[in-house]
Amino acid sequence: MILPPPGLELASPWMNAAGSMGFVPDSRLPFPHPMGAFVTNPISRKPRTPAENRTCIPYPGGCLLHTGLPNPGLRAVLRQAGVRWARADVPVWVHLLADSPAELAEMVRALEGLEGVAALEVGIAPTANGEDALALASAALGELPVVVQIPFDRADEPWLDRLAALGVSGLTLGAPRGSMPVPDGRLVSGRLLGPGLFPQVLAAVRSARRINLPLIAGAGLFQQAHVEAVLAAGAAAVQLDAVLWRGWMEG
Amino acid sequence: MELNVELVELRLEGGLLAGRIHVPVPVQITAGQYFLAASGRPDEALAAVVFPAGNMDGWLDLAPPLPSAWSAGTLLHLRGPLGRGFRLPVVRRVALAALDGITARLRLLWNQALVQGAEVALFTRRIPASLPDAVEVLPLESLPDVSGWAEYLALDGTLPQVLEWKSRLAFPGVAAEALVNLPMPCGGMGECGVCSVRTRRGWKHACQDGPVFDLHELEAL
Amino acid sequence: MILPPPGLELASPWMNAAGSMGFVPDSRLPFPHPMGAFVTNPISRKPRTPAENRTCIPYPGGCLLHTGLPNPGLRAVLRQAGVRWARADVPVWVHLLADSPAELAEMVRALEGLEGVAALEVGIAPTANGEDALALASAALGELPVVVQIPFDRADEPWLDRLAALGVSGLTLGAPRGSMPVPDGRLVSGRLLGPGLFPQVLAAVRSARRINLPLIAGAGLFQQAHVEAVLAAGAAAVQLDAVLWRGWMEG
Amino acid sequence: MELNVELVELRLEGGLLAGRIHVPVPVQITAGQYFLAASGRPDEALAAVVFPAGNMDGWLDLAPPLPSAWSAGTLLHLRGPLGRGFRLPVVRRVALAALDGITARLRLLWNQALVQGAEVALFTRRIPASLPDAVEVLPLESLPDVSGWAEYLALDGTLPQVLEWKSRLAFPGVAAEALVNLPMPCGGMGECGVCSVRTRRGWKHACQDGPVFDLHELEAL
């Protein structure tokens, strides 16, 4: 396991995935203690409204969640949550969603120096190729450690090997995307959540060990044994998602 | 509140699974509130949204449909009651409409209306198996006719159903609410936004601000 | 949908995935008629014995199958099956497994001119990068149409865009790989099969439409509706796997 | 043979699910043969390997363990009987050993032995609930002691269990077979090879050449 760089040490490997616990850490939430870090919901520069065809569709082993990643935009989040991040007893990682490096750099500047913010997690848009993603990661670099989040099914892509040299501090292997037909015949696309993803995220962790970065396994973990397996396979930390909403599974 | 309970009874209601659990402590539930119920089964990634259909003597009846994989003896982890339920005013004439044919989610509400001494008209395409005599059943298509009669109207259905019926009804001045039945995977914990509903006061989350909304406040998708 | 090139037209979009129906087409098998093509089990130049830790592990929505792809080697397969391929009333696609371009070219020469063989499907090893895979595909080109098979989670990789110009005739989006812990604490890796893969294979088909090749959706199809959805999304054909062993699912 | 049947009865046997189905036509089954049984459930990617534990008057008993999601009324698509079963010779003294504690897969075999007039000794760590009086139950650990007594020996367990016991037993000249219980997802249809077993005559597929093998032929993993 590759250890996190200075400034990014975790009190425990337990984290939540962006989108699973809202914008503000809440000590009443059902989370293993101590929590390594709290990751905010994805935040964009401008407000994002819910997707028109937002939905949650179960399938064997998981569900497809399409929301459009609604959020009130960075300025409003800071107004509502900034003080509570500063007061939180857990380091806050702010998850950022950006369409361009310039937009991202602007958001990063607004976050630097904020009390309580320990790191930035940068989500890579599904349409971004390796060069786009590297440009985004570079734009995020500044005073705060930067962790890049990709869907775990991109863990084999060669551009990831260049993240460490750029100065990125970690890589989150997050939920993959999928599509499902809806009754009107159209397709809906979104993140996949569920225990059926576990064999794939475990394989992705193994594959990503080649990358010289601490890895965070961030999808498909629904049993304590899942967490133990990805940590044993080399992940430095885990991010839980829907298991926080439903509770641990048997077995 | 968090509860670990066993599903002690299952039965079919209109072809759909309904159930019953025993709750060790009395639970204060408002009609229209819901629970998130997770079984330990590894094939259920999400907790099910479950509406109570009865709450008496330590028994809680769960409205259909329940997940078809559940059986008597299934252990459930329950979180709730969650959300905002119906706010039934003290009126004499109450109209309820099951837009999707499932009346069980309205049961606590008609019981409350009867206790308050109101006349109750239930509009539905499918007549429920057991119903108090005092509840008059009418075909859903005749719902627009009650506009002069009802002092309170409650709709129950999916968001498109609720919005479509809202556009066909005219109840100026009548208190009207709607239980909007949509996916609520996180119950607000994640602010995931999949349950977002557009209202006159902006975007609301059905899981916390609903699932019951003032019908007049709801806006088109 | 991009239509298959001359020589690769299919009587129907229904095929089986390599590894699902053995080495020889059998008219008694429970297959929709007419069958577009029969795909053989993976065949290597030399015999491959079963993997030492061969296993089949169920998980929610699927199972992990690790076999080591045992087969008696091309020479023995030709001896046992060659005549029956020639007599088959369905075109036979021979699935080849090779560690190097030279080895593959040798196998291809042995298959050219054989009656009944309509195409070659070339499996890409999990460890092969894009350049390795392109070299393998090139080595397979000759008299027979060549279809390349990749795990569907590689559908976004940029090298795939170069396959059409090479002369490859189609792309199969096959089973992805995953890992699971086994009781002794080690991990086992293998192909994933199951309906829980459907949202991912559907998304992969959509993503791979950018590639100027007929696409074959070859994993996660367990309901008739799954097949309809991938065909509607642009697949030219489907390959069924474990559904052939268990029968269609409800819904 | 392909059959669509309903699981009419389920019960616990030693804490594991066992079941019963009705088969419309008489089925010729050799002890040790199996069925692939698929439910329509979308959470079961593969058919389950199911061994018969009884076959009388149109009823087929299914040995435990059955998938825990199955319930009475579950519809099953059955393919079988598949594979090669036990070849019980006509002998006087038969020893059977349930290496994994589940005796039900051996039930058809001991019935056959009793019909042939043999004495039957069953070696197991767990005593089964119902057993003909004529079957003598002995602790598994004493299995090596029967080497002078038994004229036929049948083992039942996983491949590692069978191989380990084989190495501890010496039965020169005694007919001995083993039911090797391992995953058989394709039942031979795909020649997937996951059920491969090494024998003196080369690699064999348990799904077709077994799951019962001559114990003397089995070789180490």
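Lettered A, B, C and D in written order, each chain numbered from 1.
The criterion applied here is as follows: a contact is a pair of C-beta atoms (placed from the backbone, for glycine too) under 8 Å apart; a residue touches a chain by one contact, two chains touch by 3 or more.
Here the structure is a predicted model, which is why all the values come from computation and not from measurement.
Student: Averaging each chain's C-alpha atoms to get its centre, pick out the one most distant from chain C.
Tutor: Comparing chain centres, B lies farthest from chain C.
Student: Roughly how many whole angstrom separate the Cα centroids of chain C and chain D?
Tutor: About 34 Å, centre to centre.
Student: Suppose each chain is reduced to the average of its Cα coordinates; what separation in Å results between chain A and chain D?
Tutor: Computed value for the inter-centroid distance: 48 Å.
Student: Using mean CA coordinates as chain centres, what's the gap between chain B and chain D in Å?
Tutor: The separation of the two C-alpha centroids amounts to 50 Å.
Student: Mark out which residues of chain D touch at least two other chains, giving numbers and ranges.
Tutor: 41-43, 45
Student: Two-or-more-chain contact residues of chain C, please, as numbers and ranges.
Tutor: Within chain C, the residues that touch at least two other chains are 59-62, 194-196.
Student: Can the chain contact pattern be summarised as a line, a ring, a star, a complete graph, or none of these (other)?
Tutor: Its topology is that of a complete graph.
Student: Show which residues of chain A lie in contact with chain C when the two form their complex.
Tutor: 59-62, 64, 129, 153-154, 156-158, 176-181, 185, 187, 189, 192, 194-196, 198-200, 202-203, 206, 225, 229, 232-233
Student: Show me the residue ranges of chain B that touch chain A in the complex, using the header's touch definition.
Tutor: Those in contact with chain A are residues 36, 38, 40-47, 77, 183, 185-187, 189-194, 196, 203, 221.
Student: In the complex, go through chain C and note every residue touching chain B.
Tutor: My answer: residues 59-61.
Student: Which part of chain B faces chain C closely enough to touch in the complex?
Tutor: 42-43, 45
Student: Under the stated contact criterion, what part of chain B meets chain D in this complex?
Tutor: Residues of chain B touching chain D: 41, 43, 69, 71.
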